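Shared between the two complexes below is chain A, which pairs with chain B and chain C, respectively.
And now, the complex of A and B:
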């Protein structure tokens, strides 16, 4: 299946590229792993949130006296307990959050801005009492008109979510408020000049629906606030240091007084990079003096946690008759939800990233609507804009009768390409994925009658960032590896392999742990496909730190200069003129001697990882369309992606397959259905249709390895790129099957059947 | 909430007709328990009928199949005689939910939940199955299509419950089929369901046809005009087109999160056609 399936990435490594059983695997399959809701404390209370039934309403008053009087209710919290915070943007995942908005998102202040917006929370002795208490809280709402779509929200007479919001990024500064938080623009060259060079220009408008990350584990946490103002918090999160920062800010605490432990995580995909319940649980615990546990129901997850932005995208691309793209232009309008901060900026930056272009212009609008605030979802912003661009590129290829892979090869971004968003690419693997696609048996396999095949490419930046890691050498020569990035995709296995490679020891002798916020220095969250890269880099640095200490100790034992000791194959050896003079000292030997030679060994690293290599992928998909019911069936699917170096190929393949499957759901069935009052009608997996196993074929994968020169083993992040190409690849395949291009997602059976019926009627007329 | 699990029909009737608050009948519980947990219902009495032998048996009585009310989809799927006689009914029961749900979900629960989208009901109606209903006045029989009167509403009187389903005698050259449309491949609720039951004479012409549709009206509907369109024909394309038109014409669906009026109406005809072809194929291969 993979290029690197035989154990080694290349001849030079012993552990990188192998496939050991994941260190967290046994606990997960036996049910021993502790997820967010699996921690219990003595005297624990249950916290529950009262949520707005209205999509948009002013909160005149909240009266919780009847709830507080109910036996078993310990405390209630509302907006009155949280201090207002001024505007301050901080990173959360690949997106920014504003503390002024975070405090309002976790507990509504002036207004409820979406159905499901928290307006109060109770802590009680049982779930039953807590639920009864919620029903006794009297909230006086003034219901306001609401708006759900970006086009409606941008209309001059649209209901305003924030009456004081003045659009940023436009000159002159607007005098009137609107729902447009921000306008961003990226330019390269002059698009007018580029379109003048074109023989063919195609422009199209696309729309995508908000989609949920669909993690199986709902948000859950337990907070324990002590009388001396310190607190512990256990939660399911992609970044407990980020949770600590947000909660400390909202609660007015020193970060040193809040210790956050990340539980095992049942899926995040970007959606667990922000806080929802955590500050509320801390507040309830502070007020009640007891531990408080809060867990969302699936319905709450859908109503109140962040989807990916729904979008409207206009794209215009010019091309010569021989297939050279001369200019690309796009306008992106992204739903932010109830607070500003959609991923429209990365959407703009990624839109044309797979192409080496001279003339590009992309304008993006960040638009507020009465929906839950969007959160990061795997390559936030990129799937929507690249869906539009890759659809138009496919149409251009058809127009001139050129193979779509050839057209992409002709225009592909490569080393030295200046991207429209600024940087010049180093070594990147797009061309390699396209060449693999062209050569793949799937691309040449005959299609059955009525089926269609589509291809599309995708890009994601990947990030690095602040990262710590520690290696603690045990007295028997085994190692505890402590990282600060929660493991959402097999990263513990990958980190152990990188440590094993660096130290030259058996990977089974290394046991990983995700340390809590007090055990390591600040470590940014797991997001941006940064963990195998940045925590990997930190682990390698920590390994080198330990090797330095081990060599010093060996030099001391042998009484030779330290530069006469080398570390190879997991042991210290005398080198140079001393070579062969002494028996080597293994890691276990040195560990055993530690107490007599100077004390324990701890390898540490604290880095700000730079130089994350972007990852490109190309997907091939075959579909079958039932002309009578409109059902699109995925018949065959191949993901080809550059991983830099696949540290643990199985988990790289898993990422490629998972991204493709989530993209299939996005393309075919997933959507939020609202009634005319802005209330969500399908807050559950029955009617919000992520694919089930039988909906998808086995996803084939091909790992391409174009090493990232800034990482010691060449690693690039792989987790996000695979969700970028599926929507366009599937739309292109449907077009190939039907001769009909779908520009609005999802391509659900009713939508496809309607298009087919309309075409039949048009043909008959 | 009081939970009772009587072991006789009389015991169950006594509890259900007991003069106190109206109880809810529990068979597999795959709808009832979900509704309880979601706070949609809060019954004061739940009567579990699974310990009553008659509800758990599949029997042949004089060439007629009788399926107990609480027989599960998994049990039905492993019953060779039931599959041979009523493959459409069995397949409708087997595609509900997951493997785990299959171990609990029952025909009577599916019927008495009174959802217009219930999968087994179009197949049972097409099969002309009757419910054996026990109540304070004794046992009576009622065609399946007369049990539900609207979403969530039953024609059963206080104290009554479904004990079993009785099927008509199976004639030679007869077979049934059930198809549903869902956007996924499993774990979903029918957007449209179609059950078709056909009998052919020895000249290969359709002698009897029943077509029933789910999720296109407040209750499952028996479309007699669709059946008539096939009787006397060889179920050729023209006859099937007439049948599909009659099926679509009978639809009175609503727009909701699971489908539009337009979509349901169109797909009802498509599924009825496909189900009729399968039933015809099976009938020709049967006995």
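And now, the complex of A and C:
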């Protein structure tokens, strides 16, 4: 492993930066951990969804009478059970959802808008009976022309998904409907002026295909709705408070009547920030009066849960002969899927974020197509736009013969840079990652014949948001930590470390729990790389709250003023000799005395975490291209990223490694393939090939620590940035190896082979 | 159709169960025997999350029928630790932080155990190809491969 930080950039810390075994670890290596599908309830039914076989069709009628007559079928639900909802945008991860659309995505109303769109659902005594029942539901479809590609969908004569969709964000307001939901624009300076200053201008067009988050655990839930209108829901989700809100809205419930428990979550990457099965399971449970369990098959996951947007991106960058970038311009067209809300806005905002530029213009189009509604996927929107920009920057560097890291250093965003999307950066670590890259042995290592090396940088904002945490002190001085952000990759370990640091107690004395929606105040979901930052901040605040209480009790025991008590190394001490001579009171001492001094100790925090520090990363990759098969092999890979402070460095490294390998899949293999009827042809892991163990080398990591000044220990989110640079880094490496630049992803063997053959033919001619 | 009566051995214990002809071994383990440590990630043998050992052979439980378990010996993740003693692979996975969400972990541990029983001194390449049928979307495999290699070394007494 390459040099990694001990996480102590911010001064002496005892727990931050150490690597204890995670508190949920043993459960996960023994099979004991309970994920979404691992729970059974007495009297439980199985729910299954009937899905549209058509990419676009009007639903004339649905007749479920034959299904309902089948023995063992308890109930059927369709659009008729869900009240229509008016247009209302609410946050979901870094993206927005509209309830008018959510209710239609969960259960088709007027039309089926993509192959796999739910049309009806059945609850029956077994999966076998439920499947038989699905086949008995008669749906009368009027098949309509469909559209899959953004360019086709933007054409004036394109089939319309929503006949009343008027493009927002353009003046004057269009009079005719279209598939363009929204146009967004970000401008800084005047690009015309910037391009006039340039000696070299390069413009290129790129495309990326929809890719799936590919979490190994399919969506799953159990709903248990009782006759008094209360319900409990167990589900795999990145945010059970968000699930509660969405489900309560769709079912017309008070949120207090719906208690949602987040199971262990088997991966999400943004894809488990929305609801699919949960409202349907609640409806089936409400109608049947029995618990209902629903689990998607892998095929359903691919066909009907959110991929990342496929895109078309045009980029134009101007530069002087000495390597100063003078202007950047881009047009982004992102697939939203069947409902508006692609991540084109963050895509626009991130496109040029790694650069300190005076003149930027980015325009983005949110375009509806007959595909599943896209969901967040790790830095949603950013990988696609930054792939394009980082590819053009590499070409510019080659054009003037400048080292691509030097070119980036010369133009890098840093503290004080005004980003094109608005804010002025505080302390950020891009320059540091570039300096580390330049100095890294990997960057200087000799390449073998036929291999190529590429670099690229990447940016993600990171977010904060509404967050609660509670620390319950047990009577023996140990602590139960309750957080509301589902732990998707080791965050319980990180939260315990932050609590241990604050309280000055051994991390082993703190046991974490992800509380259900009734045990904590509203807490936004795990997403936006916010958990270690925002739940961490809440835990630190809760720790400080507990320390205040502990000091008050010590003051009471000693009969001295509370400001004469200090908390250090996990115990209350008199603050200096003037306070008096008393033996320190430890956490355990004070816990034992709780009943006599005023009652139990509970540290609480309810915050709206602000000041998430953005994270930059720089990746170096070596590739080998097999000229006979077109296969690109990753020979060596190094991820360098600013973590602010690495709380548990092993899990920071894990984020960097995992994000890079997802990016490798995006770059080289992964894509949704449709037939001419708009039906997905590769809804399984055999044909939608994510990287397997033998596809990749070790992924070296270098953690840079430029502390985030708004977090008590300097933490920045780290989870999303690592998926941003790989596509461009690999394309740049392939270009280095072959002298051919790929602007369309994935660089799969057939595509690479075709390019090689085309070049051979051109050369021969 | 009447359910089949199957007599088998699971994690060393004699087990009897009734199952439908079309139920997979994975369905039986999870829904009849409540051994939910084996996971269904795909149902088509592509992800390895349901890896179990049947008579010393590594198989995807989703690709075998429950009735085919008759007379065979099945080992699942629930049988990997010896009482309160974790298997060395389990310990090393924790030390190396070789898991994030943990849903693929049971299958990977079962597969890795099967590898080390055949080959106590695998190379990195051998580990990578043996585990190529076990998908992990979180870790990028780096820490998993290191944990397996480290376990092998420790079990060899090195």
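Note that the second predicted complex is superposed on the first by the 750 of 765 C-alpha atoms of A that agree within 3 Å, B and C clash if a C-alpha of one lies under 4 Å from a C-alpha of the other, contacts with A are read in each partner's own complex, and residues count from 1 in each chain.
Following the convention adopted for this analysis, contacts are C-beta pairs under 8 Å (C-beta built on N, C-alpha and C of every residue); 3 or more make two chains touch, one makes a residue touch a chain.
Treat the numbers as computed from the prediction; the structure is a model and nothing was measured.
Visitor: Is A:269 contacted by the first partner chain B, the second partner chain C, both or neither?
Guide: A:269 sits against chain C, while chain B stays out of touch.
Visitor: Pick one for A:673: touches chain B only (first), chain C only (second), both, or neither.
Guide: Only chain B; A:673 stays clear of chain C.
Visitor: In the superposed arrangement, which partner chain does A:404 touch: chain B (first), chain C (second), both, or neither?
Guide: After superposition on chain A, A:404 lies in contact with neither partner.
Visitor: Between chain B and chain C, which one contacts more residues of chain A in the superposed model?
Guide: Between chain B and chain C, C touches the greater number of residues in chain A.
Visitor: Tell me which partner A:26 touches in the superposition: chain B (first), chain C (second), both or neither.
Guide: Touch status of A:26: second partner only.
Visitor: Does chain B (first) or chain C (second) touch A:692, or do both, or does neither?
Guide: Both partners, chain B and chain C.
Visitor: Could you say whether A:47 touches chain B, chain C, both of them, or neither, answering first, second, both or neither?
Guide: A:47 contacts neither chain B nor chain C.
Visitor: Just chain B (first), just chain C (second), both, or neither: which does A:631 touch?
Guide: first
Visitor: Taking the superposition on A as described, I'd like to know which of chain B and chain C A:748 touches: first, second, both or neither.
Guide: The first partner, chain B, only.
Visitor: Please report the chain A residues shared by its interface with chain B and its interface with chain C.
Guide: The answer is residues 686, 691-692, 694-695 of chain A.
Visitor: Which of the residues in chain C end up touching chain A in this complex?
Guide: Touch residues, chain C against chain A: 20, 22, 30-31, 34-44, 46-47, 49, 76-78, 80-81, 86, 90, 93-97, 99-106, 109, 124-125, 127-129, 131-146.
Visitor: For chain A, which residues are in contact with chain C within the complex?
Guide: Within the complex, chain A contacts chain C at residues 19, 21-22, 24-26, 28-35, 37-38, 40, 128, 213-218, 264-269, 295, 297-298, 488-490, 648, 650-651, 653-654, 657-662, 684-686, 690-696, 698-699.
Visitor: Tell me, which parts of chain A touch chain B in their complex?
Guide: Within the complex, chain A touches chain B at residues 628-631, 668-669, 673, 681-682, 686-687, 689, 691-692, 694-695, 748-750, 753-754, 757.
Visitor: Hey, which residues of chain B end up touching chain A in the complex?
Guide: 181, 183-189, 191, 256-260, 262-263, 266-267, 270-271
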